[in-house]
């Protein structure tokens, strides 16, 4: 299983709130996108996971995030997803967001 | 089957875009909410529809909307959903949005 | 400032993913909704906050959640929002989700 | 002003509903994304529009869509956005969705 996968996101107008910055629940949507990408990059794309293991969605146990730099429409965000702790039944993924070289969330 | 059902929505901060008004795809989300309410008000709640007819979601054929008054956070919107044309395989619903007495969309 | 505010959410069809349960980023959207409610219940509704302090949105510093019970369309969720640690420049809010008496997230 | 711009969208897990297909309001989100792309392709990117004309968001007057082929997670959709009727104060854009060669919406 690959250890890191990279996802690129462009912040869209509709992802932002009246303050003009990313409405933060969207960061969690992008974490989900990055999670599927991580499995695909590990040779386990969504369709394969469903066929082989009957997996429909990952039961999420915990999510946490720290927000540092606000992101605005048209910003390009890079998410580096890496494997954290791997236990018998659970798996921890870490998503690091970068915006033009700065840590975004 | 009842002919009109009413749904009330409060516009939230996260429903609005950097212009400070409702990001318009959300109106379609609320139309969907109002559709389920309409069926529930007709004695066909979601769970009943699934059990009795094995329905999972309605295949939508057409959607259209006209936007008149921009809506902002904390606005209360009322959606009046009524039955339009009923054909053998299709059913037309009309959703009228009102905001404090003014037509919103 | 009141110490606890309660928000009720009905899980809608469109809030759920192909596994039939709430797509988890929506929980964070509801936390945001509950946050505005908390301030309104404390006598500081959104419009007041904007006028008095020129506040547009709250800069979020950290978010975290633990997901216990999956929620499905038409579930009613109650969010109890309470004040955690209050510092000079930051304020911690805790959102507890309940579904028919069970802790949902 | 260029007459057609193309946007590519990958359908994500979280874009789909319990029926396993795209929750239709998301198509309107993608129309919005495609609209900004159209202006950028015409040499009028978002930031330029804001600076030059003080534009924050486009007031949408009408939206309509016909849904033909359901789309599922990991589908690649191509949106061809073209200029329809251009009037003094309004402008009509047409978004055609394609999925692997089939018309999606």
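Lettered A, B, C and D in written order, each chain numbered from 1.
To be clear about the criterion, contacts are C-beta pairs under 8 Å (C-beta built on N, C-alpha and C of every residue); 3 or more make two chains touch, one makes a residue touch a chain.
Worth saying up front: this structure is predicted, and the values here are computed from it rather than measured.
Participant: Would you kindly say which chain has the C-alpha centre located farthest from the C-alpha centre of subunit A?
Facilitator: Relative to subunit A, the chain whose C-alpha centre sits farthest away is B.
Participant: Give the chain pair, either A-D or C-D, that is connected by more C-beta contacts.
Facilitator: So, comparing the two chain pairs, more contacts are at A-D.
Participant: Could you grab the centroid distance between subunit C and subunit D? Build each centroid from C-alpha atoms only and quote it in angstrom.
Facilitator: 31
Participant: Taking each chain's centre as its mean C-alpha position, how far apart are subunit B and subunit D in Å?
Facilitator: 22
Participant: What whole-Å value do you get for the distance between subunit A and subunit D if each is reduced to the mean of its CA atoms?
Facilitator: Each chain reduced to its C-alpha mean, subunit A and subunit D end up 23 Å apart.
Participant: Quick check: what residues of subunit B touch more than one other chain, meaning two or more?
Facilitator: Each of 13-14, 17-19, 23, 25, 29, 32, 57, 73 in subunit B touches at least two other chains.
Participant: Could you please specify the touching residues of subunit A with respect to subunit B in the complex?
Facilitator: Where subunit A meets subunit B, its residues are 13-14, 16-20, 23, 25, 73.
Participant: Would you pull the subunit D residues touching subunit B in the complex into a rising list?
Facilitator: It is residues 17-19, 21, 23-26, 28-29, 32, 56-57, 59-67, 70 of subunit D that touch subunit B.
Participant: Under the definition above, what is the set of subunit D residues touching subunit A in their complex?
Facilitator: Within the complex, subunit D touches subunit A at residues 12-14, 29, 32-33, 36, 45-47, 57, 73-74.
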